[in-house]
Amino acid sequence: MTTASLLPALMQLALLLAIAPLTGGVMRIAKARFQTRRGPGILQPYRDLHKLLKKGMVIPDTASWLFGAAPYVVFLSSLLAGLMIPMVAADAPLSFFGGVLAVVYLLGLGRFFLALGGLDSGSSFGGLGSSREMTIAALAEPAMMLAVFTVAIGAGSTNLSTVAHAALGQSWRFFAPSQMLAFAALLIVLIAETGRIPVDNPATHLELTMIHEAMILEYSGPYLALIEWGASIKQLVLMTLLVNTFFPFGLSPAWAAGGLPASLVWYVLKLLLLSGVIVLIETTNAKMRLFRVPELLAVAFVLGALALVSTFLF
Amino acid sequence: MILPALFLVPFAAGVLSYLARRRQQMEAINLGAFALTFVLAVGLAAQVVRDGAVEALGGFLYADAVSALVAGLTALVGLVTAVYAVGYLRDDERNGVLGGAPQGPSPHAKLRNCYALTPLLVASILLVALANNLGVMWVAIEATTLASVFLVGFYGRATSLEAAWKYAIIGGVGLSMALFGTVVTYYSARALPGADTLAGLNWSVLAARAGELDKAGMRLAFILILLGYGTKAGIAPMHTWKPDAYSEAPVPAAAILSSAMLNCALYGLIRYYALAHRSLGDGFVPQLLILFGLLSMGLSVPFVLVQRNFRRLLAYHTIDHAGIMVTALGIGGALGTLGLMLHMTYHTIAKSLLFLCAGNVYQHYRTDVFHDIKEGVIRSMPLTGAIFLMATLAIVGMPPFSLFQSEFLIVNAAFAGGHYLAGVLFVLFGAGVFAGAILHVGKLVLGPVGPEVPAPRRPWRDSALLAMGALLVAIAFWLPGPLLALIRSAAQVVAGE
Amino acid sequence: MTLSPDPQFGDKLINLMAALVLVLQIAMAGHRWLVTNIRIFGVQPFLLASIAATIGWFNHAPHLYFAAILTLALKGIVVPRLLEQVVQRVGIRQEIEPLVNQPLSAIVSGGLTLLGYVVAESFHRPDAGGAPESLGHNTLAVAVSLFLIGFFMMINRRKAVTQVLALLSLENGLFLAAISLTYGMPLVVELGVFFDVLVAVMVLGVLVHRIREAFDSMDVSKLDQLRG
Amino acid sequence: MTSIQLLYTALTAYACGAAASLLVARSNRLARFASFGFPLLGALLGIAASLTALVEGTAESAAVASGVPLLEYSVRLDSLSAFFNLALSVLAGAISTYSFGYVAGLPSKSAAILGFFYNVLLLSLTLVFTASNVFFFLIVWEVMAGAAYCLVSFDHGKQETRQAGILFLIMSHAGTALLLLGFLTLASSTGSLSFSAYHHAGGKLPELQRGAVLLLFFFGFGVKAGIIPVHIWLPAAHPVAPSNISALMSGIVIKTGVYGIVRVFFYFFDIVPVWAGTLVLAAGVTSALLGVLYALMEHDLKRLLAYHSIENMGIILIGVGSGLLFRAFERPNLAAVAIVAALYHTLNHAVFKGLLFLGAGSVLHAVHTRNMEQMGGLIRRMPFTAFGFLVGAVAISGLPPLNGFVSEWLTYQALLAGFGATGSLTRIMFPVTGALLALTSALAAACFVKAFGITFLALPRSAEAAEAREAPLSMRFGMGVLAAGCLALGLGATWFLPLFDTVTEQALGVRVSSGLVTADGWSLNAGGAVSTAGIAVALTLLAPIPALLTLLWKRGGDRRTGPVWDCGLPGLTAANQFTATAFSKPLRMVFSAVYRPRREIQADFEVSPYYPRAIRFESEIEPTFEKGLYNPLRSAILAIADRFRAIQAGSVHAYLAYIFVTLILLLVFGARA
């Protein structure tokens, strides 16, 4: 780690922290508009975080130190994963710390601790949420890996910077069948991982349908804030991964002052577009029964496998 | 003068015991005689290792390395079981097991029978090993049967008599075949000079000129001998008397039958193998031996797997090992015969030890059915239990115990000699027997603490057990140089190199 | 010594007597009455002893006379007496009740005789039949047949006594082989064999006695407690 | 001292331990010191020996003749042997320390017996990894099995234990029989029993024999490695053994199978056919996936861990199998990476599985049950054990920055490289394997959330769990060493990996592992970079951010404890908590094709079924392999064997007839030339 790479790291860090809640806000308001509601306003996530951080918290009397550690791990692992992916420049600040595999596993680390946190309270909701969360994550994993592999094989490396550079080198690459299929697979995984409809409903607190929300039911105050923030960073990380690997238009190759503003604009545009797609899916689908989710993920797996096969067919 | 003394000492002991009036006298005679026999046998072995084959009584007795090995093993088993028998028979007497039927022999007469017949049995086994003349050898082998029939029928129960009858009848038929074989061998040797003298049937003479034997005669003779002495050795399908006899005989006698007498029957077979193989060459003789050896091994597998009675289990084990040794003989060559001789040595020690353990268990629980013993034997009899398990592992060829070494050599010889199928079957059957034995003995030895009281001290039996157990462990790691030399030269005698 | 030792004649004589022994054996196998069986068995040793004596005469092998006398005394006189006594005393039924019926037994015996000849074929030297040193060699087929038929009888007999009888008749085949093939084993061996046979008969006799006491029956097919 | 001399001293220490533990069996204290002090010393010496051999890349050998021709006791310490010995010694050291406390409560005689077999096991394990001829290898191989049998059966009062021990021994022996046949085929073609004569000799066999030998060795070693479908002994035997022994069994005894497979497939064969590599790969994937799926359904803590051993053996075999394929496609460098991945995972698994079993042992020691449904809340009563177990759980789930992540990462990289490096039909196997590996490791994470969460978190589910006491110091120390090992092997991966240079050089003629480390020493680089140390540092550096955030805003907020939301019922009790069975329910339904679950609900009610008095719920999954393969096999064998009893039906006539018929047959067919 040299000072030369420290600056980009700090910049990306700031960007992550700043726009992650915003993505959520955008999606929330977009969803409201699709449903012809007014919506809470684009800055609502910031207000929520502010409120939560400010409040006191109630720790379940059954919980151990792990309950408190989990939010930190979730937050930190998402944040670190965010530093390993190319956001506005193809050279991710910490890409030499790990490529896409490390990103996936770091997110896994956060989930692992969050699930433990869910169990720690002893509440049956926590256990229920942990169980479902881990199940869905496990089932999403192979599809995600296949899609990731397709990308990595195309680039010859799992390093995301290398992947992004390779993507930049080949325009219109997206129209290769393998890329389209991989994108579709990864999109399904993204929906599953971030707990969106049709897999999970982030807005529900209905006992039987909760997944993520059940797991964190006992969290409150700053801990909840960290978890929410961490979750939004994770969502941003996955979305970024999607847009920058498959649609690298406008991505600045390096952290050079010249290319960055344009790159940032492109980045935001792409994010907005992707958010739109996700919201469209959310509004046009109903939440699935839990035991239908594996079928969806199986579709993703098949898509991923097809993507892989087509890399050497086409 | 060792040679005649070696079998005359136990013979005399047998006669004296029959004349003795008190139990203590019989015990003392037996112990003394067997100790002396053992010393003589060791002396003989030392002499053979040093000087090669020795003769006595004008060539009537002859001992090469094979004889010395078999005699030594017999004497060892004799001594250990004699020590064990003291405790065993006292226990039987105390518990009134010898009472028997009202019109049958009295307990004292039974004891006398046992103490007289056991040395006679050992004496005839030793004579088998020492006789030069194949005819005399047959006479001695027949004598072992006659001496042991009443040992099998010792307890006088209906089942004992059944076992004794089967033993006598099957043994009788078998030995008739062997005698027929002996006659045909003599016929095959008619062209040799001096064929019409006593020496005409001397092994040392025949072996030296085996090439001149009548081939058709030797072929027929070998078939008859294989079936005949095979019956005595308990090779399938002539094995059927074995489980009955071993499970009904008093344990010390069973120990001798299953180890020393098996050796003696194999000894007969080995002698004839050497003649027939040298006369007929490869092909018929080895193939026949391998066929019967594998048949014995294979046939013992199912019986071991579903066995309910541990003494019968041991009997099937003996059948298995007889098969192993016969296979080894058939595979032949320097390696096969070396494996055979080593296996004979190791098997003798392990099998007699197993019978002694089984005897302890049987006397403590008064049953030899696995199912009836609900607790772990090791709980009430730690020493017996531990040694039982150890010896079982040893007998099924589990390293580090030495039977693995010999079996390894044998399979290796099979592969090296191109008997691939035989080698594969050997290993397969070995695994089957392993499974069965461990299944049963593992469950017998280990288990919960039961209601049975811990066994009292049994100085005679336990010291025999300990001595043999220590020997089993010791030979696993180290075979004394002279013994190894003896075994190697025995293998050379058989392989003819 | 008035008779000139013509080996041809001796050969014929021996063959005739051997054939008679075989006929007797088949008769035993096919006969229904126990006492008759014992009597037939008692006749065999006379023929065997004669064969031994003939061979001894032609070959000037005096120890064969000894063997002949022993056989005669032991198997011809002592054993049949003993057996008849046992039968009398035990009072077992006279009928034999074989496992295979009489006609079939006779047929099997015939087949076994055939087998005996097949086995002996490789030893058969018709041209050498006349020489004194190979006198009687051709009776090997008879010996093998006697052995096999005796063996078959052992399987075919239910009662302990009859099994002993069969075993002994089986050994007659051995004896025939021994004297005709090899002109007797060395004397020590011969003695040992006879001694063993004697002891075996005694041992078996005692066992028969005890079995009868323990089971109240002589039927050995009832001895089937020990299985598996 | 040279490596082989060090090895001798280590062996001597184990031998002394075995002898001494029996000699001082009268006193528990002395027995413990003899039984576990000597092996501790031996382990340290073993580490020294292995490191010396690994670093120097030498292969020293020594031999003792037995006097019997062909039978020789010979050892050779090459890098592969040294590597496995290193794993063994590390684990043995930690377990020996742990055992001081663990056996303290045993009667002195039992402790001595345990110690005796423990030392024998260590001795034989060391020799298994170093024996260099067939005879000696088989001896120590079986001694190992025998000692392990005695240790597994240690608690032989229980039926379950006895049966498990017997199952283990029988299966193990069956495997040995296969090995024996394989070795003898090699021996008959080379005319030697020495391993050195087999170097690349397998490839020269005729095709049919080569195939047979490969299969024999694969299944022979596979039994010991616990790969599916020859695994059934493993979940039976590992849980019933004393926990320190379970740690040793799962940590290293099953690795002897890996050692054997690597030794044979890479040293005795220059190139194995593609099908053999595919077989190993397929067996690896199957074992990994089914292993973790079965683990998920367990609520016996130790059996759960045992199933995870199967899973991890699968992961190791994935590495081995892809190494074989790369070698078949003449890509030695890639093969070396795959092997390094497999071997590194071997070492890592030894460390974290050892840790987990020791943790489970401490729990058992405290609550006297293996059933997780009766644990809970132990994190407060046993904080150290809980922390150790957590470290192990994170490591085994392959999460960064611990050691499991590194080896799984290497495995992924090998698999990815395989796509571009091999033939067109085989190449698709690699990414699919990778995807299934991802599924496996995600399921493993789920499983360990369950294992840790149910065992250690929330409220105690039984009185014994509520009264649990933390393990004594020596046990904690043993766990601590292994937890530190997980951390060190994870963060210090770049530092450890160059040790593999001499291994791959001797096996494949290439040195790759130093090349995997980047010049600055921070990252691994193989088709992508990763730096566990970097991740750890970055996580630490980022840690102030959330802390700062909470501090900045939290001025007015307070922090208090309160009751858990219990839906308005009167207070949360242990009975309300989520159970292990419930936790795995979604997966049970998703994978019902694998599990074939059977459930039974019985409700007792008085008035209306809506108001039941008691509900009894029973659910079990089908033990597929036992039910579909082993039970029918066993019954068939026993039924056939039972048929054979008719031969020995007691009829003397029949017995005579057998002989008669044999005689007739021989006379008819054999008497004439």
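All chains are identified by letter, namely A, B, C and D, in their written order; residue positions are counted from 1 within each chain.
Following the convention adopted for this analysis, a contact is a pair of C-beta atoms (placed from the backbone, for glycine too) under 8 Å apart; a residue touches a chain by one contact, two chains touch by 3 or more.
Since the model is a prediction, treat every value here as computed from it, not as a measurement.
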item	value
Chain pair with the higher count of C-beta pairs in contact (B-D, A-D)	A-D
Centre-most chain [mean C-alpha coordinates]	D
Chain centre separation (subunit A, subunit C; CA means) in Å	100
Approximate Å spacing (C-alpha centroids) for the pair subunit A, subunit D	35
Subunit B and subunit D, separation of their C-alpha mean positions in angstrom	44
Gap in Å, rounded to a whole number, between the CA centres of subunit D and subunit C	70
Per-residue multi-chain contacts in subunit D, two or more chains	645, 648, 650, 652, 656, 659, 663, 667, 671-673
For subunit A, residues that touch 2 or more chains besides their own	none
Interface hub residues of subunit C, defined as touching at least two other chains	119, 122, 151, 154, 163, 220, 223-226, 228
Touching pairs among all chains present in the structure	A-D, B-C, B-D, C-D
Interface residues, subunit C side, partner subunit D - complex	99, 115, 118-119, 121-122, 144, 148, 151-152, 154-156, 163, 220-221, 223-228
Contact footprint of subunit D on subunit B as seen in their complex	162, 165-166, 169-170, 173-174, 177, 215-216, 219-220, 223, 226-227, 231, 237-238, 240-241, 243, 284, 288, 299, 301-303, 305-306, 334-335, 338, 342, 376, 378, 393, 398-400, 404-405, 408-409, 411-412, 415-416, 418, 420, 423-424, 427-428, 430-431, 434-435, 438-439, 442-443, 446-449, 479, 481, 484
Contact set on subunit B toward subunit C in their complex	60, 101, 103-104, 133, 135-136, 138-139, 142-143, 146, 149-150, 153, 156-159, 161-166, 168-169, 172-173, 176, 179-180, 182-184, 186-187, 190, 196-198, 200-201, 216-217, 220, 243-244, 247-248, 303, 306-309, 312
Subunit D residues touching subunit A - in the complex, by the definition given at the top	377, 379-380, 390, 394, 397-400, 405, 409, 412-413, 416, 419-420, 424, 427-428, 431-432, 434-439, 441-443, 445-446, 448-450, 452-454, 456-459, 518, 522-523, 527-531, 534-535, 538-539, 542-543, 545-547, 549-550, 552-566, 572, 574, 576-579, 582-587, 589-590
Touching residues on subunit D, where the partner in the complex is subunit C	645, 648-653, 656-657, 659-660, 663-664, 667-668, 671-673
